[in-house]
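Structures given as structure tokens follow.
Here come two complexes built around chain A, the first alongside chain B, the second alongside chain C.
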Partner chain A sequence: MMDTLKDWLFWIPAWFWITLVVHFTILGTVAYLILLERKVASWVQDRIGPNRVGFDFGLPFLWFLKGMNGLGQPLADGLKFIFKEDYRPGGVDKILFTLAPGIMILTIIISIAAVPWGGIKQSTRAIDLGVNDTSAPVPADQLTAAAQKKLPPGEVVYGVPTPADQPGTYNVTFRYSFQIADLDIGVLFILATLSLAVYGVVIGGWASNNKYSFLGGLRATANMISYEVPLGLAVLTIVLMYGTLDLGTIVEKQAWMWHGIIPAWNIFTQPLAFLMFLVCIHAEANRAPFDLAEAEQELVGGYHTEYSSMRFALFFLAEYAGMLTTSAVCVALFFGGWHFPGLTGNTDPNNPAVTSHLLIAIVRCVVFFVKTLLIIFVFMWVRWSLPRFRFDQLMGLAWRALIPMSLVILFATAVVIYFFGHDRALMRVGGKMGLILLAANVVTLIVFFGAYLLLPAPPPTNRRIRIPGSRFNPEPALSA
Partner chain B sequence: MTTANILAIADQQQAVAAVLFYIFAGISAISALGVVISRNIVRTAVFLLFTLVGVAGLYFLLNAEFLAAVQLVVYAGGTLILIIFGVMLTSKSPFSRFEPKAVEVVIAISVASVIFFALVLAITRTKFAVNPTDFTAYPIDKLGQTLLGDFLVPFEIVSVLLLVVMIGAAYLAKGRRREAD
Partner chain C sequence: MTSSLLAVQLADPRLAWAPVVLLIIIAVGFAVTNVAVSILIGPKRSGKVKETTYESGMVPIGDTRRRFNVRFYIVAMIFLVIDVDIIFFYPWATIFAPYVQKMPDKSGALLIEMIVFVGLLLLAYVYAWGKGVFRWD
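Up next is the complex of A and B:
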């Protein structure tokens, strides 16, 4: 009985477990990110923040679970969202009103699939391949194909299976990526699915049949479309360095140390690209200082003004899940993903991503996740520290500063790669080339600051609009 | 991955791929019908979104991942959002509806049926390779080298054309605003 169960569990493919764990972790983390946001807000504003709700549910015999420094807050919030009245105002487009939050959360959850959490896991297992003809040696190709057919999807046979003790049984070595979907175009896939999230905002704003919601939706769309351009260009600089769109490979190429002390992460070679990427993912997440879409002083609440109950919760969760995805991409592109000094697989000298220990793969996932949470902390820190941009400043930052800057840095990277081409076999970036890239980044930054100083200064005040009776117009208001 | 690996994987995934094919094809077909039938402009655009996403799913099933991602980025994420933007900004009432005339319906049906029969003829007369073996024929780097190598001149001409269109659109938009002042 126990053996059958074990066998059965054994044949559930690895991607199934990974998908299960990743999704539950993401959804649980998103709930706790909201608590973290409130805690960070109170830290910035010198308050205590939520610290009352524990897990005692008001039951006296659970006194020891009381308080817990507010850790029960997400549970209470979730329950409250579920039990609130699911109110839909009159005059809305009924189908689209319900569809919008669904589109938003769905696209963002899909985009998480391509995040390379833990490198590549290599395992060996004795499998009965059903080739019993012992008279002649079986061709290698046929053995590989037979072994591949026995494996669940996502696990790829590595090398040629070797005969095991029993006849017909072979030791099959296979590898699988420790992520949900190992796509050749990982970065592009994430950018593509994230670009669909804007539909949730714009459709939600439109379907509400409310001018303020509609304005919020339009602002969010303009914001997200504008910042997708520099975001894509910043990603392209990294893609150019490694010649691949596969996030797993990009992480793998960063998993080594310069002179044994400095991790070869792209943050050290492309700091300017990182800075631009960070600004753009703030804008993509529609958070302060880019939260024009929900500027409460101007628009009541933005695109989700008319939403309540779980429909609102889905919008809210999608914002945090989106932050989680973009931060994970940021970690993979600029902070070496799962790499931490001393944490390489050592299974395959040519490929540090491969490990044969399950424990190492799991530790890598934890490292990746902690790095992601650190980036998210920066998100929250920025949100509670900086005031909101004006809309023209927002657009000016994207079109006049970020896009030219990212084009220049992309061009500089291309030139550096052309003239100082790296070790083609390993496709790593380091040594002289890394220093030159760093210099190119710094020079670009200095040139742009110099150019900024040379530009004619904008007028020191806001443009005044002469509305009769406003404080910019001394004429008395037109009275009837 | 060797060819033996890839072939075996494809063989194994056939059942799943068949189910997914019908799901994606169904999404595309039903929402394409919705695009035609719906009278509400924004709903039409949302149906079009699902059509494009369904087609992207079909591309994924055919191992054309790059094409699928480009379909999502360019058509679903770029072009369609601009269409929705334009419709929302220009339509007079928020829930404006199509009211086609009888003549328009007749013209649309005749054009659509001609295209439909042309497509049916093309599909039934073409001999498709039943068991394609070369899965790795077009990886992205090859695609890029082809675009910027063998097809450099057409590629550049298309780019210039797009640039001209963009400048023209900006000029037209600006000119109208001056008139308004």
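Up next is the complex of A and C:
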């Protein structure tokens, strides 16, 4: 009985468990991110922040769970959302109004799929394949159907026949990635799904039939699509360096040290691309200083003004989950993913991602997660420190600065790879090549600031329009 | 140790998308359940004033769905043009580094193709700049 159960569990592929664990961890984290945001805000503004709600539910015998420094707040907020009226004002487009939060949360949840949390786990298991001839290698296509069925789903690397006492039994070694979906176009997948979130925003804004929502939706759309272009280009510089769209491979190739001391993370080779990426993910998440879409002073709540109850909560969750995904991508592209010197085991230069210890895989996930949380902390720090831009400044930054700059950095990276990438570009961008890329980044930045000095000064924004006929404007007043 | 190996059996590449399907199901379930529960549990009270669109407490003036600033159209159009161009960069970026390493004599042509492409893109970009597409003030 136990054996049957064990076999049956073995047959559920690893990705199933990973998907469940990652999904619920992400949702739990997102709930606590909202608490963290409030805590960071209160820290920045020198006040205490939420510190009342614990897990005592008002019951006297649970006195020891009272307070907890506000840790019960997310649970209380979630319950309150559920118990609120799901209200839909008159005049809305009923179908689209209902669909919008769903689209938003759906795209954000599936975008987490391609994040490589913990490298590749390798396991070995003795399996009776029913093949009697154990003297020679057995090609996979010659295995009997029964033997095929006994192999675990996924990539089987090799099988070694066990000693003679168990004929037909192989020690089969197989590998699976510690991520939800090991897609070879992971980068493209994440960019595509994240850009679909625009539909949630624009549909929600339009369907509400509210002027604030409509303007907020328009602004958010313009903002998100504008910053998608430099975002894609900044990601392209990293794709260009490694020649792959697989996030797992990109992380794997950063998992080593230059001269044994500096981690070979892309933050050190492509700092300019990293800065552009960071700015773009702030804009994509519609967060301060780019949160023109929900500028409270002008637009009340932006595109979700008319939403209440759980539908509003879905928008809210999607915003924070999107932040989590983009931060995770940032960590994978620029901060070496799960790699941390001395902690993540396996320094085998040819195959740094493969580990056979479950503990190391879990430590890698923790390292990745902590790095992601640090990026999210930067998000919050920025939000509570910087004032909001004007809309023309927002669009100007994307179209007049970031897009040409990212095109030039892409071009510079291509030239560097063309001239210096012959020996080690594919496997590793390190040593001399890393220094040259760093120099290319710095030169690009200097050239750009130089070029902006040469450009003709733009006409002053916020022009004063003097009333014709007044003492400031000699023009005669317009006759009505 | 006898190293009689089973051949490498690669997973079906289509199988890699199975978790995405699972996630879609989970996400749809999550959204539908949450909204359904709040509809079932939450109170339902309505009224003429509550039905109106929120406009800072005023009686709403006119309809929302009317003409809006043409700049939003222009930025959407220029986004389409440039973003489609960037999609064309992806296959190029994926093969460039392997080409430089394995076939250096052919990679020069790849670089020149990209320079021409970026040049055309920049030409369109400068034209759009000159036409005032990027001016929002």
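Everything that follows uses one rule, which is that the second predicted complex is superposed on the first by the 404 of 480 C-alpha atoms of A that agree within 3 Å, B and C clash if a C-alpha of one lies under 4 Å from a C-alpha of the other, contacts with A are read in each partner's own complex, and residues count from 1 in each chain.
Here is the rule we go by: a contact is a pair of C-beta atoms (placed from the backbone, for glycine too) under 8 Å apart; a residue touches a chain by one contact, two chains touch by 3 or more.
These figures come from a predicted structure and were not determined experimentally.
Legend: residue contacts after superposition of the two complexes on their common chain; A:83 is shown touching chain C, with no touch to chain B.
Look at A:212: by the touch rule set out above, it reaches chain C but stays clear of chain B.
When chain B and chain C are set side by side, the one touching more residues of chain A is C.
When the two complexes are overlaid on their common chain A, residue A:199 makes contact with chain B while staying clear of chain C.
When the two complexes are overlaid on their common chain A, residue A:414 makes contact with chain C while staying clear of chain B.
Once chain A of one complex is fitted onto chain A of the other, the partner contacts of A:399 are limited to chain C, with no touch recorded for chain B. In the superposed model, A:263 makes contact with neither chain B nor chain C. Once the two complexes are laid over each other on the shared chain, residue contacts for A:95 go to chain B alone; chain C is not touched. When the two complexes are overlaid on their common chain A, residue A:271 makes contact with neither chain B nor chain C. The intersection of chain A residues touching chain B with those touching chain C, taken from the two complexes, comprises 141, 153, 156-157, 183-184, 188, 206, 209, 214, 218, 221, 225, 228, 243, 245.
Only residues 1-2, 4-5, 7-9, 11-13, 16, 40, 42-43, 46, 49, 53, 65-66, 69-70, 72-73, 76-78, 81, 84-85, 88-89, 94-95, 139-141 of chain B touch chain A when the two sit together in their complex.
Partner chain B is touched in their complex by these residues of chain A: 93, 95-96, 99, 141-142, 144-146, 148-149, 153, 156-157, 183-185, 188-189, 191-193, 195-196, 198-199, 202-203, 206-207, 209, 214, 218, 221, 225, 228, 243, 245. Considering their complex, residues 1-11, 13, 15-20, 22-24, 26-28, 30-32, 34-35, 37-39, 41-45, 50-56, 60, 63-65, 68, 72, 75-76, 78-79, 82-83, 86, 89-90, 93-98, 100-101, 104, 107-108, 111, 114-115, 118, 121-122, 125, 129, 133-137 of chain C touch chain A.
Of all residues in chain A, only 13, 15-16, 18-19, 23, 27, 81-87, 89-91, 98, 101-102, 105-106, 109-110, 112-113, 134-141, 143, 151, 153-161, 170, 172, 180-184, 188, 206, 208-214, 218, 221-222, 225-226, 228-229, 232-233, 236, 239-245, 300, 305-306, 309-311, 313-314, 391-392, 395-396, 399-400, 403-404, 407, 410-411, 414-415, 417-418, 421-423, 425-426, 458-459, 461-463 touch chain C in the complex they form.
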